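So that you can tell them apart, the chains are marked A, B, C and D in the order they are listed, and the count of residues begins at 1 in each.
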Amino acid sequence: MAESALVRMSGIGKRYGGVQACHEVEFSLGSGEVHALLGENGAGKSTLMKILSGDVTDYDGRIEIAGETVHFGGPTDAQAAGIAMIHQELDLVPALSVADNIFLGRELRTPYRTVDRRRMDREARALLERSGVNLDPRRPVGELRVGEQQLVTIAKAISLDARVLIMDEPTSALTTSEVERLFAVIRELRRSGVGIVYISHRMEEIAQVADRATVLRNGQIVTTFDPRKLTTAEVVEAMVGRPVQTMFSTPDAPTGDELLRVEDLVLKPRRPRPGRRDPEGISLTVRSGEIVGLCGLLGAGRTELLETLYGVAPGGTRTGRIVLQGKEIRPRSPRHALAQGIGLVPEDRRASGLVLFHSILANTVVSSLPAYGRLGVIARRMERLASVRMADRLRLKFGRLQDDVGTLSGGNQQKVVFGKMLLTEPKLLLLDEPTRGVDIGAKAEIYRLLGELAGQGLGVLLASSELPELIGVCDRVVVLRDGRDVASFRTSDSGESDLLAAAMGESAVFEEVRK
Amino acid sequence: GCGTTSERTSDEPQAQSSKECKGADGKYVIGMSQANVAEPYRQRMDDDIKAAAAEVPQFEVKFADAAQDNAKQVADVENYITQQIDLLIISPNEAKPLTAVVKKAYDKGIPVLVLDRKVEGDAYTGFIGGDNVQIGTEAGKYVAEKVLPNGGSVVELKGLAGATPQAERHDGFAAGIKANPKIKVIGSASGDWLREKGQAQMDALLKAHPKIDVVYAHNDPMAEGAYLAAKAVGREKEMKFIGIDALPIPSGGIKAVEQGRLTATFTYPTNGKEAIAAAKKILVDCGTVEKSQVLPTRLIDKANAAQIYAQENPNG
Amino acid sequence: MTAVQDKPATPVERASGGVAATLFRFQSVFGLLAVFVAAIIFSPRRDGEILFLSADNLANVVRAVSEIGIIAVGMTFVILIGGIDLSVGAVLGLAAVGSAVLMVESDWGFLPSIVVVLAIGLVFGALQGMATAMIGIQSFIVTLAGLQIARGLARIWSDGQGVAIAYGDGPNEAPSSFALLGERTFGGLVPIPVLIFAVVAIAAVVFLRISAFSRHLYAVGGNEKAARLSGVPVIRVKIAVFAICGLLASLAGVVHAVQLNQGSPNDGIGYELDAIAAVVIGGTSLAGGRGSVAGTVAGALLLGVLNNVLALNNIDSNIQLLIKGLVIVAAAALQRLRPAS
Amino acid sequence: MTAVQDKPATPVERASGGVAATLFRFQSVFGLLAVFVAAIIFSPRRDGEILFLSADNLANVVRAVSEIGIIAVGMTFVILIGGIDLSVGAVLGLAAVGSAVLMVESDWGFLPSIVVVLAIGLVFGALQGMATAMIGIQSFIVTLAGLQIARGLARIWSDGQGVAIAYGDGPNEAPSSFALLGERTFGGLVPIPVLIFAVVAIAAVVFLRISAFSRHLYAVGGNEKAARLSGVPVIRVKIAVFAICGLLASLAGVVHAVQLNQGSPNDGIGYELDAIAAVVIGGTSLAGGRGSVAGTVAGALLLGVLNNVLALNNIDSNIQLLIKGLVIVAAAALQRLRPAS
């Protein structure tokens, strides 16, 4: 393998101000190999791959592609050398169509040098189908769900016909069935000799697809191993540097009084948007101290339910009741919801959660400012203190509080959004994929924290696409399908397959089985 | 105009006879196309026309403001043509760009009175205006002979670069002071016709020149701005301020002379009254008017300011 | 600021279905239609004839907006990449002066003069593009400086005076071929400037539809990082867009000179704001990435019709300012009615 | 467009360490320093005295920029939330007219007149804020319309002519207390307008440092959607910011009236561009979310020093345009020098 390596990176180093993102990293990839890259948030995985894909150009060390030393001046150079990357943050152009996004920078031309829209549409449709989604290639990407956007980026990367394909958390917004489809594609690519770097925080995926796994910690290689031979616990210990005990520590604390009751919630927006699934009849309850999961397929309406409860749903007529602590409420705006003690951690942290070029401090405290002073004047010491405490509590990996939040690794950005909401001391916390892109150690932290908060009487409504998370963390899971609640399970006496079956509907399960 | 004659001279009789003169029994719509109303002088011109027309029961006057844009003024005149007005009064923003559209109106049989700035050729009924070169010359002579007979230093605050009156008031002044070679123009700056710009430019001129005897500004607002600047550093007594325009309004130059801020100013007639008189001659009296009527300028100084103000603006 | 809610036309929006969608696809035209109908209703009549609708008057309306329209097409490109160009009015002045000086004072021929003048606009725009794309200065500042520089150059070139254009074969006369640009065609009905505007607009619409470059332009404005990662030559796109805008501004300057028989260094003062207004009323977002040339044309015409009907009714110029302000806001508010998609 | 590379001040940025960082924290002052030094070098001298540096010249420099400076402070707020306000020059004119008409023609007292004039500016700004925040029209369009409306109102209120201000106790005379605003204090050295500017600027700097509102303002400009989801009252913040900007513009109008002894409806034409230039030269990003009032003050002073030294040297006005354009670009380019972080 050593001789035939498709990619060989040696002595790679990269420093961002005070942060050593990569240090003396040795990394190789053979053709037809799936090489998983693991590590905590901020370990340097994305940085290493950005170096390989030509996005980061000032680094130390050497890169060889098929035995030849290269130095890319930009992503275009890397693409020319056959290296494609699916970026962790979905970098798409909202106003352009799916097809235009897929072929951006390499548009297909007619003999007259004009854009060949028809051929692009056709090929885009084929590519999308290959990665497992049936999307109109002419739809603007800005209209798509996060999960769909992720599939578009996958299709785009596949379309490059690369020798080396880097996937940086390609599945963080996908549900089980889309992940399965993606793995099928990966296997196919592997057969045709493509080398794949696969980055994910979902441990169960690593064992399924990877041939080899490398663990990074603090920018340095810790170990390389065969993922089929190690247990998850061992991998996690390598990543985090210490054993992590019970991943899911559902405390099964006694739950208290009813905190939230949603009765037959229906939202008819004034102006319906294609692709949105507003509540069409949802009833559920959350008790204080209880963690209730929301399960469903892509587009089941989980996000829309949480948005409605948080007062950010589009205008329209709402019927049904939302009762918080025995009092009916009509959430008008996030501000109003927050005042009632409802907090939301949104799904798309970069677009909806953070001001990327503002400091960690400013981002953490923005929702709870009145707590740090009086008469509209901020006591700087108090806000710093609150911010530092929250960072400690969430084990945030950062340089200084004044650093831009955008320079944090993806998982750490997520923690900042989480911390911001916790600082408002909510009674009810709405979480939309709160651990998307969060490393396993930090996840454990977050779960522990959730358990702790629940113990203090907080109620949590948690929408997630990760079934193990739902089963492990929640007391109860409500399954949504097409904007309605279709089933409810106690996690103590049901498993992932029950949830999946309910989410897909019986007929769908039947079809799966037939295959 | 610069004396070029148009090859496309229209035949006069056709223009005049295409319309029957209805005389005193008619009702007449007059369109007034103003270059811009941001200059106090031009606003005053409109006001004068309005006031004079109010005395003629047959007249109704419409106003358009081109906001200093030649192209907009062309459109304004085109719109008047569309409306089939009975007479056009125009105070062109610039000569050449308005020539064609004025000719178009004239050829359609609409009598045209051109105020203040000429258009080229002779496709108009009558021109009424002042002479900026002459005004500049008068100002120059006044400085050379009355204010600084023994010589001295002058600074000049010019109007907006590129504007015709700016060039003419400058050239005239230069010619006027030639008579006295001991007079030196030691500095000049562009005040863009604006009071605040005149003030700011004068701040610097005062700094740069320890001794200034006369400030010659191309209009009264800039002269007033210069006065304020000099007053701020306590040097307003050291020099004399001379402006142009002499509008008979409270914020105008005549009042400034009367109140002692300016030493002198020179009237630049708005021609509003004269224009309506000419229109009356053409439409109501079915007569003809002079092709060109140049109104003389008049020196306003402490001696006559109050009297002329009362005469020109009896109610204010 | 309204980037989140904003949803003007996107290049690929046309494929989606539904009656409402079809209607709203032409939303930028709604405001224009409304103003047009209002113009007919409020138009003065003579002998039963609606003056506003007379062929002559309609030709005047379009002629009057043709220069702003040409500029606004270029401005649309600049705004689509998230920039702004404040220099267009001054470049128009510079080009008008250039045409006049070259043809009249230097006695150059028609073609060489036009080519040089257009090249000046192109290069001026490209230089501004370089300053913003390569040094990274905000385009507002670069082009504000560009405005002053172009204005200063025009004043120096023309000695601060308007240069009158007379036609003929003699010395100090412009070739009569130039005069043709200002004439009317199709039976004296359609002014050539209108034709030029139409050609520019149609070319731009088609170009945006079929070229790969247009995809790159939307990408740079919509998500610059994504564009860069996809291998879009971001810097080249920016420079090209500013160059196109400069070129069109100088084309408008040529048209201006021939329409007014003069090139004056003070021509085009404030045109940048009118052009930007046309673009934004046409539904293009100042945040970049969304908008269309068709919308811009509708916006320019809306402003033209509005000016015309106010003038035809001889509304007092101060009241006109008020009405115009309110109509502009109303037209922009109309844009906000959208079936969300 | 340059949002990616831009790095002006963001909230709570000031605590960080390092010599280079400390230096670059004051980067917006670099351009000012450079121009200041150039001004000293190129200043004319008399008897060895550097004229530019004389106390009363420096006072003049600041006096001349005080109005633009006051406006630019308000503009900074608007630009920080990602908006723009083109109406400030017209609001200045309206306020100048208002002060003159109320005190001179209506013979109102000093205080009631000022209060009413400032309230008009505040309400005018707030209305614009509502149109952009609540209907979602781009602020460029709203305030472009606002510009026209304010200008129209000012013309109507003043009958189109400047209203001269004479002081005294008689009818049609303004109270002499008003005249005091235009005087100089501290031994006749510091003009009161400069003092007002200084107070406004310092108040704004302190306000942006310590108030919770300022965090909201930066958040709205940085990412409006995230701000809303974080519970920031986005609409209220926007309205408040436009109201503040209108208030400061009308304050500048009062200062303008007293400095020129006149309120004219044409006062302040084009001031919006100067104010925006000051803000942007001061390092505030037009994309919103980053920038500082200190930078804006430096930007305004830079423009003032530049104007002054060009005037002191009697540079030809056309050449002045060129030099100003180039210096503005150079100053903005200086802002791009940053230690990589």
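By our rule, contacts are C-beta pairs under 8 Å (C-beta built on N, C-alpha and C of every residue); 3 or more make two chains touch, one makes a residue touch a chain.
What you are looking at is a predicted structure, and each value in this text was computed from that prediction instead of being measured.
Chemist: Find the chain most remote from chain D, comparing centres computed as mean CA coordinates.
Modeler: Following the centroid criterion, the farthest chain would be A.
Chemist: With chain centres defined as C-alpha means, what is the inter-centre distance between chain C and chain D in Å?
Modeler: Roughly 30 Å separates the two chain centres.
Chemist: Which integer distance in Å separates the CA centroid of chain B from that of chain D?
Modeler: Spacing between the chain centres: roughly 34 Å.
Chemist: Indicate the whole-number Å distance between the mean C-alpha point of chain A and the mean C-alpha point of chain B.
Modeler: 72
Chemist: When the C-alpha atoms of chain A and chain D are each averaged to a single point, how far apart are the two points in Å?
Modeler: 44
Chemist: Return the residues of chain B touching two or more other chains; collapse runs of consecutive numbers into ranges.
Modeler: 37, 161
Chemist: Please list all residues of chain D that touch 2 or more other chains.
Modeler: Where chain D meets two or more other chains at a single residue, that happens at 3, 155, 160, 225, 317-318.
Chemist: Where in chain A do residues touch at least two different other chains?
Modeler: none
Chemist: Could you list each pair of chains that touch, in label order?
Modeler: Touching chain pairs, listed by label, are A-C, A-D, B-C, B-D, C-D.
Chemist: Can you list the chain D residues touching chain B in their complex?
Modeler: Going through chain D, the ones touching chain B are 44, 46, 51, 54, 56-57, 60, 63-64, 155, 160-164, 166, 184, 191, 256, 259-262, 264, 266-267, 269, 307-308, 311-314, 317-318.
Chemist: Chain A touches which residues of chain D in the complex?
Modeler: 3, 7, 10-13, 15-16, 210-213, 215-216, 218-219, 222-223, 225-233, 289-290, 340-341
Chemist: Quick check on the complex: what are the chain D residues that touch chain C?
Modeler: Listed in rising order, the residues are 1-6, 81-83, 86, 131-132, 135-142, 144-149, 151-153, 155-156, 160, 221, 224-225, 238, 273, 276-277, 280-281, 285-286, 288, 317-322, 324-326, 328-329, 332-333, 335-336.
Chemist: Where on chain A does chain D make contact in their complex?
Modeler: Of all residues in chain A, those touching chain D are 16-17, 310, 312, 333-335, 337-339, 344, 346, 351-359, 361-362, 365-367, 369-370, 372-373, 376-378, 380, 400-404, 420, 424.
Chemist: For chain B, which residues are in contact with chain C within the complex?
Modeler: 2, 4, 31, 37, 62-65, 67-72, 74-76, 78-79, 82-84, 94-97, 99-100, 120, 160-164, 167
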